[in-house]
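Look for subunit A in each of the two complexes below; its partner is subunit B in the first and subunit C in the second.
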Partner chain A sequence: MTPDRMTPRPYAAALQDVVRDDWGRLAAVLTGQFRRLDLVEDALGDAAEAAARRWPSDGLPERPAAWLLTVARRRILDQLRAEAMAARRHPLLVTDAEHRAERSGVMADPGDLIDDDRLRLVLLCTHPALGTEGAAALALRLVLGVSTHDIARLFLVSEPTMAARITRAKKKIVACGLPFGIPSATALPERLEAMAATAYLAFTAGYAPASGDALLRADLSGEAIRLVRVGLSLRPNEPVLVALLALMLLQHSRRDARLDAAGDLVLLPDQDRTRWHATEIDEAVALLTSPALRGPITQQTALYAVQARIAAEHALAPTSPATRWTRIVALYDVLLDLGAGPSAALARAVAVAEAAGPAAGLAALATVTLPGHRPHAARGEFLARLGDHQGARAAYEEAVALCDNDVERRHLRARVR
Partner chain B sequence: MKYLVLLIGEGDAGSWEAMTAEQQGAEMEKFEAFGAACAQRDGVEILGGEALGGPDTMTVMRTRAGAVSLTDGPYAESVEQLGGFYLVEAPDLDTLVDLLRLLPAYDIQISPVVDIEA
Partner chain C sequence: MSRYLLLLPAPEAEWADLPPEEHEKGHRSHGQFHRDLAAGGHRLIVSNPLEPSAQATSMRPDGQGNAVVTDGPFTESAEQIAGFYFIESDDEPGLRAITEQFAARGEHIEFRKLAE
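Now for the complex of A and B:
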């Protein structure tokens, strides 16, 4: 550690890098060693704070991740000693427990310990006993190192509320004995599906157009994609993760084209396709041809895969009018057969209108039971295309009245005129 | 860790009374399979467990201002009623859930037992 002349900013950037790249790995190592997830997050947070304080004066350590690990480990040991003292037990018991944890961890897994620990951590944070909201927050915090402050903003709750949610999830893990382990062969597929559902919840929370910080929300979707990538790096051919990553990448690839300079919503046909991220589209399309999706797959995997194929149709159409709408309608039929909800039925009606005209779209819309403003907005659009401007205006007005999202309401108001 | 496992609803298993003797026998075998699997699994032990009488045999005891009152029937007005329980020692929740898969498809509530000494 040689102090050099770096300005504070590079230290902050170095810390940001190590948090971004190594947080989950460090959390996994510490949880593996101490089996106390409730202490790990606070200890890592303290270590990051200490780094922010000390690196500018002490200089950047040669191995920043190892530095954080050492500090965090010391914090946990202090905490365990304090607990042991409070319980009037001999402090030696702590060291004893620590050694035991270390030994059993090594002996149980002759394979790649670190990777197994990361998988254990992801599975623990996304355990179905936690509930998806708590799990999503915990996974973002512990696996990806996103700050509680940012997670709170992303899920549109106050920071104390989010901190309480994360604390509750951590406490439940310890109180009801959720294991830091690889589930049995019977349970693993269900657990990976729970992990996928958690990641998708975090993703859609970011993807839904919302008033407020659009940039930050695209960021959350990016973090959710990272979570799936962590899972895939450990189980590269897991069908549910392959299908979900394809779906996320395709939706995410359009993020820069979804809002115009004024922050107004731009619908798919009007989006500037040159602003779509082509490398992400390519990766997703390649994922959809993966052998992992050719065998028998679960319903959840199929739901992700078919949605991804629909998104791929849009992504690969050279222009909006060149979209293969008949194919998209057929894919929506598959999706509805798989048990997709009413929002898929609405999307199908829109595709029908494109494939077979607005009258057919109206007919398809008649059976859609989705509450909220979206069916009214679609009806308004179909009626306008049929030349029924009075009917269209009434439908749009109904949509505006039901819409609770600023960006979307602005967009609908523009249509009423 | 110790867990209290409450067999709280019929779930997909369906009503015991509605079963044929043969079906009841098949369900009983699942309890035996569960018991055998627990005995074999490292760190798992059934510490206790009983089947319970139906709702019409239950009594609720309440103490208000020092006075005890007894009322006929189960606590709370839920449709589902506690049919049996286990007290199980298991290393963690996943191990326990793995073993509970062997039981009939009841709705089950699992509570960790709090160690007051710790």
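Now for the complex of A and C:
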């Protein structure tokens, strides 16, 4: 925001910074002013493009964010004017918009007004009517300024597909007249839960791709963490966001240890714990003692919090053998009580095997109804530990056949041998 | 249709120091209560934890037309309201029953009906 004019950094880096830090703020201001979400993103995109072209020759503007805002605002006004002409309407609308634009000035809005607009924007982008995937893409694009290219990479679809998905979401907002407002106190918690679910979907998309050869695109998962932090900056102590941030930080703290130099998957017990990000673990553990989680918390919040506590057990164990598996089993019991799905039941079976031996693990696995390759991989592992190598090989082969992720399949093949 | 305010007094200083097992018990218990409310057809209007009472502000008249504003809760006591549920229901006995179960799981609860 405040570049040092004596030693100008490369313009591209300055632009990247302002996009990263101010995109959502600018989008919120523009949406607040014009109520035309469908125009805002294109206008900001055009403004960023113009900046890339003009800053190198014109020099870095004193206030890059204000520069982008002014250009984007002009684009929107042009567009509105064009629409008005096309509709052969008297351009009253435009004049009105122009007046409003003038009145509010360039970045002169007081901070809380902008923050309100940002909360409105986050809630609008994560509106349940959009569907979680569309909402996640739109929020990353509009609130955080993540490029369509990167969002496409996160969700493993082509860039045109993602661009179309984002456009559809924007059109839906305009067509359905979804309000750019803050819902009433009784509706707000539900909307914040929808926002949390959206952010978590984007986060897990970066870690658990169904196919493709990149096991994780952790940098992009980090963007989802940023989305939760934006939410928390606007609604500090919101239980669902506190619990979710703790969960994400704990999972994310292991990103550098999950793949070895060859790009192969490293399982939790074999990970180099010195490569875990300790500051993130510390922050998450502190979040879990927050008073926000002591009182009436919803089921969704409780699910995030308990998952975070499981992750914290792993994060705080000094070595893999020192992991308190009995406690982890107890936590999975809580999680299943809270209504968690079959993947939690599978994880519980794995914990049972660690706490009470592979035979107990097999027994726990018998009731797991999860489709896909993972239950078979677990069964293979338990059978191998019991010395049933033939049974283990058959289970692993079944797992390989069902697995559609290159890295995981390579890992499973290595086990078959 | 009546409305009910369930206040949750708790010795708030301890929460952060409690072992994680106690935190989980709380999570499980609140999650269960949410499900019991839904199953019994009671409508949850709003529920939330409150910020610590140390962050409360108390206001009272000074007797000369002004207000005395002090930091902290109105009454000094070890137990302060740590959160609340605001519920609408046609079925008070049902609501009382699940609230009692909630208390039996370890929660302190003050059950208040809104005056009609």
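Keep this in mind: the second predicted complex is superposed on the first by the 383 of 417 C-alpha atoms of A that agree within 3 Å, B and C clash if a C-alpha of one lies under 4 Å from a C-alpha of the other, contacts with A are read in each partner's own complex, and residues count from 1 in each chain.
We adopt the following convention: contacts are C-beta pairs under 8 Å (C-beta built on N, C-alpha and C of every residue); 3 or more make two chains touch, one makes a residue touch a chain.
No experiment lies behind these values; they were computed from the predicted model shown.
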Touched partner set for A:179, first subunit B, second subunit C, both or neither: first
Touched partner set for A:309, first subunit B, second subunit C, both or neither: second
Touched partner set for A:189, first subunit B, second subunit C, both or neither: second
Partner chain in contact with A:244 - subunit B first, subunit C second, else both or neither: neither
Subunit A residues touched - subunit C or subunit B, whichever exceeds: C
Which superposed partner A:365 touches (first subunit B, second subunit C, both, neither): neither
Subunit B and subunit C footprints on subunit A, overlapping residues: 186
Contact set on subunit C toward subunit A in their complex: 8, 10, 12, 15-16, 20-21, 23-24, 26-28, 30-35, 45-52, 82-85
Subunit A-touching residues of subunit B, taken from the complex the two chains share: 1, 3, 90-95, 97-98, 101, 110-112, 118
Touching residues (chain side subunit A, partner subunit C) in the complex: 185-186, 189, 237, 239, 288-289, 291-299, 301-303, 305-306, 309, 312, 330-331, 334, 337-339
Touching residues on subunit A, where the partner in the complex is subunit B: 87, 129, 175-179, 181, 183-184, 186-187
